[in-house]
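Heads up, the next two complexes both have chain A, just with different partners, chain B and then chain C.
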Partner chain A sequence: MNTKMMRGFAAVAGLAAAGLVLAGCGAAPGTTPTESGSTAAPTTDFLACAVSDEGNFKDKSFNEAAYEGLQRAGSELGVETQGLESASMDAFEPNLTQLVDDGCGIIFAIGFNFSLGGTNGLIFDFADAHPDSKFAWLDGWPGGTKDNVKPIMYNTQESSYLAGYLAAAYSTTKTIGTYGGLQIDSVTAFMDGYYYGAKAYEKDTGTPVTVLGWNPATASGDFVGGFSDTTVAGSISDNQIANGADVVFPVAGSLFTATAESIRSSGKNVVLLGVDKDIALTQPQLADITLTSVEKKMTQAVFDITKEAIDGKFSTDPYIGTLANDGTGLSPFYDFESKVPADIVAKLKELTDQINSGQITIELTKNPS
Partner chain B sequence: MTAPATAPSSSLGGQLAAPRSWRVPIVLAVVAVLSLIWFVVFGKDDPTRFTWSDPGDVLYLDPTPANPRVLGIVLGVLSLAAAAASFRWAWRRRPVPVWLSLIVGIAFLVSLVAWVGAGGQITVESLLTSTVSLSTAIVLGALAGVIGERVGVVNIAIEAQLLGGAFTAAVVATTTHSYELALVAAMITGAAISAVLAWFAITFLVDQVVVGVVLIALVTAITNFFYQQVLADNSAQFNDPGTLPRLAIPGLADIPVIGPVLFDQRLTVYLMFLLVPFVWFMLYKTRWGLRVRALGEHPLAADTVGIKVNRSRFWTVTLAGLIAGLGGASLTIGYAGAFVQEMSAGKGFIALAAVILGRWNPWYAALAALLFGFATSFRIWAGGAGAAIPSDLIAMTPYLVTIIAVALVAGRVVAPKASGKPYIKS
Partner chain C sequence: MVDLEDERRRVDWREVMHRIAAGGPLRTILAMALALVIGILFIVFANADVQRTLGYFFAQPGDFFAAAGKAIADAGTALFNGSIYNTKAKDPVAGFRPLTETLRFSGPLIAAGLGVALTFRAGLFNIGGQGQMLMAAAWSSFAASQIHLPYGIHLIVAMLFGFAGAALWGWIAGFLKAKTGAHEVIVTIMLNYIALSIVTYLMRTPILHDMSKGNNPQTLPPDATAVFPKILGDDYQLRLSFILCILAVVVYWWLMRRSALGFRLRMVGLNPDAARAAGINVERTWIIAMVVSALFLGLAGLNQAIARDGNFNQHVDEGIGFDGITVALLGNSSPIGVMFAGMLFGAFKAASPAMQSADVSPDILGILQALIVLFIATPPLIRAIFRLPEPREITDVGTRRKPQLEQGSAS
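Coming up: the complex of A and B.
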């Protein structure tokens, strides 16, 4: 019996090892530096690196968008790239340490979560401890500077404002919905913009517009409580559709697929708005129900900042993606081109100008932390 | 509903009767009194409109306005009556029937919903349909867990079975365009994971909890791997399953509220409705069920009468895996369509809790799972209702109900004696 038990433990160990190996493969970009043997660009010995937020570089959302920027730098600028995925927040520090040890010329820390932990937030503490390395940090910058950290922020409220206005104009029920993954600033910025955009339409036309799922006045609304629970995301969408919403804006990573299914099974004429990436392009099967997407164009920012670092022009001035510098914006309407009246398109242009000139400012909700 | 399994034999020995158990009546009375006080003292007078049907429905019922405070008083008094009745049962040394606890529980929940929704409207139909959608996988997972523990194998890996089933269902449905094949594939996946668990636990005598946890890690890693390497970039070819068609039962589906909740669902939900009584019948009313329960309570006794303990355990657990796999399919092709990484999101663990809260009985486990589903549905609805009460507080209340429910059954919870213990023939 003893040998039997031994065999048993060996077998369990085998199972566990298989799991670890697969998990490792899943993080393939991490374990092996992606050699970019590009022919076009001259090869430099610069190493550009990134650490993902909780999740991975194939999340159809912000990690993926940022990683694509790194890869583009790899193929067009001929630099070596390396990306490490973080299964959990515990992996942030070991991943950063490994990249510093590997001699990365610039390290992108992707995500709001790098602001947590430590005395001043994990990334600031880490940058203090490694003054010779250069960092760029996406989302979550609380203000303040460090000599070797370039914050990257997005005024997604600006593009979401346009989305809210468009949604209110497009809606026939004049009821629109939104929900978030978690109640954190980088999520609620979208929801704030969306809300105020819809209210701007209400003010312009005198038609009352109901926004379901987010109320900046009380800082309360619909949140899934994470970015993976499709049944909760679906139920929230079902509820909003049942309450008359005919445009739904899910600010919850890849959970928009659950909203898409809610729309299809409701049989009603409802559309969704994509988040972070251009969903009509990345998910062609959803193009017929995607009015537009609110894009956070991290790919370009990561590419540009990598280029600056290679050219020795790294600065710690924050990069703020806005409508004005095309860091954020609405995707083309594609199938819905004909369904958005010309005066609304013109109005969106006018609003863009007003936002760029500072005539319209969008207040952001402070979330309880 | 069944008579509780642990009914004391009250007919024996007139004088030396067992001591009276007052726990349930006391808990019921406390809940009734507290909810009366709360919903009256802090009551609201803005009427809540209960809406029963969509304007487009065949049978349209007008919304019912109700004053939350008055409703609270009526339901509170009803709860008090139920609590008083339960004292009679306790006095006679009879176990308090479950329906009395249900009356108090449901009365509390209805008062709570009315109170939170004061001044607004409650779409009863969507509150209940979400409850069913959110519970389906949990109920099916819990059924698999009940069978497993009844036969003596603790199945921690329900989470893995849900995730694996969800994944295969989505991929098979997309590639073959056949929902039937997808359901079968998901069930086989669930059974295969069960079989691995049972094999390690029974043949190699590995600690069942350890194997379960390892299996969850393994299945999570496998599905994440394939999702990232294959599904993410080719969703149209591999991860666009859509969902099973809704099968409306003619006539019945048009009944307000009940129709959409019970009779206008997808195959996965109907199977859940059927499997609860089926599993109960199999476990408690058949020779097979008697053997299964014997294996979980006293395998040595079963062995002496000629039942092959380990072989029966293996096949029973594997068959139960079919149900958990179906639960996985209910997540993708039964509801949300595309597969999303780690989409089981802890439902397997909640199913495990439902097994225990449900006292290893299919009916009660399903009720417990529905309670969890209702808790989530309530949280979603309350968030949308824009109640002026802090959302964290609202989110907490259903769990309070759960704690009360646990308190009601605690003490009476008796796990199958040999659950989790390997049987070693000496």
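Coming up: the complex of A and C.
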């Protein structure tokens, strides 16, 4: 090692040491009178647990939304929580086994992928093998019941219908786009709602609206083929923007980041609609191009179901999130508050009531089999 | 003189590869020790309790050391409970489950490691494990779900299908290298993408897919007759496929140490020019090396595809084709080394849930694996990149230069 390098290392080490000194100057707990355990929530010995889908609990999307519900239960209800991340699908079963061994009072299995494998799908098989444990399963429920699995599903077409109407009203080109991660029912439900919402605007105003990326009549559209390929998501977005779309709705987990990049690089006045979570809130750097988000309020559902389990009211009746029970809905408009006319806001409210009362029903596409 | 200078500066990458792939056990142990030290640092400083005590380190340094010690102890306990024997289990049957899980996860890692190790020994680098595994998985899945045969014969047929698929994929890579001179690293990487696309496509067609189950790529569930049976009863997931992976270690040993083919493979690996001069058909040996390597990876693919009751999707390879590179490196490409390296990484995989449960991020295990490889591969690579000379055993006292006489004769 030559002297120059040595000096460099010394400098780095010095900085690090300085940082440590500065960081380490706080007072020890116990020594300050304000620090006491009296503010902590009442604790029970209930353990609430979750296994992530492929990926982790900090994906700014699907897994994170569910995990936050668990954490909220931890802080507000005073229960212990345990979340295990699955690097791959091979980890699902070992993770579930670990949680059963840990003595979890309820175990959330997050994601469609838990329907794969096993003879009846991994989660159902596992639940059969562990009849004393309670499970809740987010997305992917194919129907059928188990004595200890509560399915959690969402009528996201309802909130997406509002999003489609809003997008059509907001668009100046009257061309709006959408694309999906995989062509599965839980994804196309968003796209169906979006499409029919836009078409409702067309019917109301007589202005033709073009929806790129999804056509329920032929059940065909733009799909990335997964939830991780930013290159494909980017090229789909580029294409839709080039074809005049000035609102894009990516229904592909965290891939909205690719669409955001496409929007930035196009230099055009294009906005996107967030999915699953309130993106303007979770990704403040995208707030200036996020019209609103179609939220799937998994955080609330996970919290509620955990609470039911603690109170001994666990049931296997499916939980269906709707506009009416606030399981799904549009996020606030934030920066775009001033750009959405009051009559559109009023109209969205009216549509909400019509959906809740069953006056408007949204047909779901049956994906090609 | 200029020519000689050039000659000395040119890097012999085959030589570099060989040095990386076939080091001594001491280097491996040191690399693991160093990786472990850094891994422990990560465990300590990523721990929430430790971070809290760091805030008032100078007021109460004892807290920090207590928290750090606890973090290390917890991680160690979790590693043991998750991979060897679960001390918290209700009964011994459940207690031994982690050990069987370690073995279950290590099976495909060992098979894949052997496949990669074989190409290392032959002077090649097979990064096509993913593609070869996917082909084995897809072909065996086809035989397991579309052909219906009685117990015993069905499993054998499914295995033969899998091996055929993998061998074909290995053969293409070897053939392209031998006949066109295309570099096997590029070819195998590209074949991974091709295999992934083909297999994903097949998983959407009636060839592998139940068309009533939507449009997601996934296979048909295999017939019960075509699945590797469980060998330790229903309490454990360990299947016959693991025994085959251990047999593969013996086969690899015999092949490389006792057979004429292994001798040719190693000779081509050490010096293809000399091998050619000795009358060995180097190109043909390359093709054979890729095919045999792919057979080992095919076994890993079978372990993933039909060592389970249910169906799977296009991620069935689980990255094991790439993990195999790590395993081969750590195992010095020797049969016993690869077996233990595979078991170590298998233990890491098996312990992941327990470690997460003990608040150790699963990423730590990935970091540990990466560090081990880094420390093993780095010394020869750094020397090659910066054109540094190999360390000499004979040096003049004080100057660290080699003796004048030898220097003169070398230049």
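By our rule, the second predicted complex is superposed on the first by the 328 of 369 C-alpha atoms of A that agree within 3 Å, B and C clash if a C-alpha of one lies under 4 Å from a C-alpha of the other, contacts with A are read in each partner's own complex, and residues count from 1 in each chain.
Rule of thumb we're sticking to: a residue touches a chain if its C-beta (ideal position, glycine included) is under 8 Å from a C-beta of that chain, and two chains touch if they have at least 3 such contacts.
Here the structure is a predicted model, which means the values were calculated and not measured.
Visitor: Going by the contact rule set out at the top, does A:Thr257 touch chain B (first), chain C (second), both, or neither?
Guide: Once the two structures are laid over each other on A, A:Thr257 reaches chain B alone.
Visitor: Check the residue A:Ala233 against both partner chains and state whether it touches chain B (first), chain C (second), both, or neither.
Guide: In the superposition, A:Ala233 contacts chain B only.
Visitor: Just to be sure I read the superposition right, which of the two partners does A:Gln285 touch: chain B = first, chain C = second, or both, or neither?
Guide: first
Visitor: Taking the superposition on A as described, I'd like to know which of chain B and chain C A:Ala242 touches: first, second, both or neither.
Guide: first
Visitor: Examine A:Asn215 and indicate which partner it touches, taking first as chain B and second as chain C; both and neither are also allowed.
Guide: first
Visitor: For A:Met89, select first, second, both or neither according to whether it touches chain B, chain C, the two together, or no partner.
Guide: second
Visitor: I want to verify the contact counts: of chain B and chain C, which reaches more residues of chain A?
Guide: B
Visitor: Which partner chains sit in contact with A:Gly117 here, chain B, chain C, both or neither? Use first/second/both/neither.
Guide: second
Visitor: Applying the document's definition of touch, where does A:Lys58 land relative to chain B and chain C: first, second, both, or neither?
Guide: first
Visitor: Identify the overlap between the chain B-contacting and the chain C-contacting residues of chain A.
Guide: On chain A, the residues that contact chain B in one structure and chain C in the other are 20, 23, 25-26, 28.
Visitor: Within the complex, which stretch of chain C touches chain A?
Guide: 54-60, 63, 82, 86, 88-89, 94, 97, 101, 105, 200, 211-216, 218, 221, 237, 308-313, 315, 318-319, 349-350, 352-354, 356-357, 362, 366
Visitor: Using the touch rule from the top, collect the residues of chain A that touch chain C in their complex.
Guide: 20-21, 23-29, 31, 54, 82-85, 87-91, 93-95, 97-99, 101-102, 112-113, 116-119, 121-122, 125, 182-185, 225, 367-369
Visitor: Residues of chain B touching chain A in their complex?
Guide: Those residues of chain B that touch chain A are 54, 123, 125-126, 129-130, 133-134, 137, 196, 200, 203-206, 210-211, 214-215, 217-218, 220-222, 224-225, 227-229, 232-233, 235-236, 240, 242-243, 246, 331, 335-338, 340-343, 345-347, 376-377, 380-381, 383-384, 386, 388, 391, 424.
Visitor: Along chain A, where are the residues that touch chain B in the complex?
Guide: Interface residues on chain A, with respect to chain B: 1, 4-5, 7-9, 11-12, 15-16, 18-20, 22-23, 25-26, 28, 55-60, 212-213, 215, 218, 220-223, 226, 228-236, 238-240, 242-243, 254-255, 257-258, 260-261, 264-265, 283-285.
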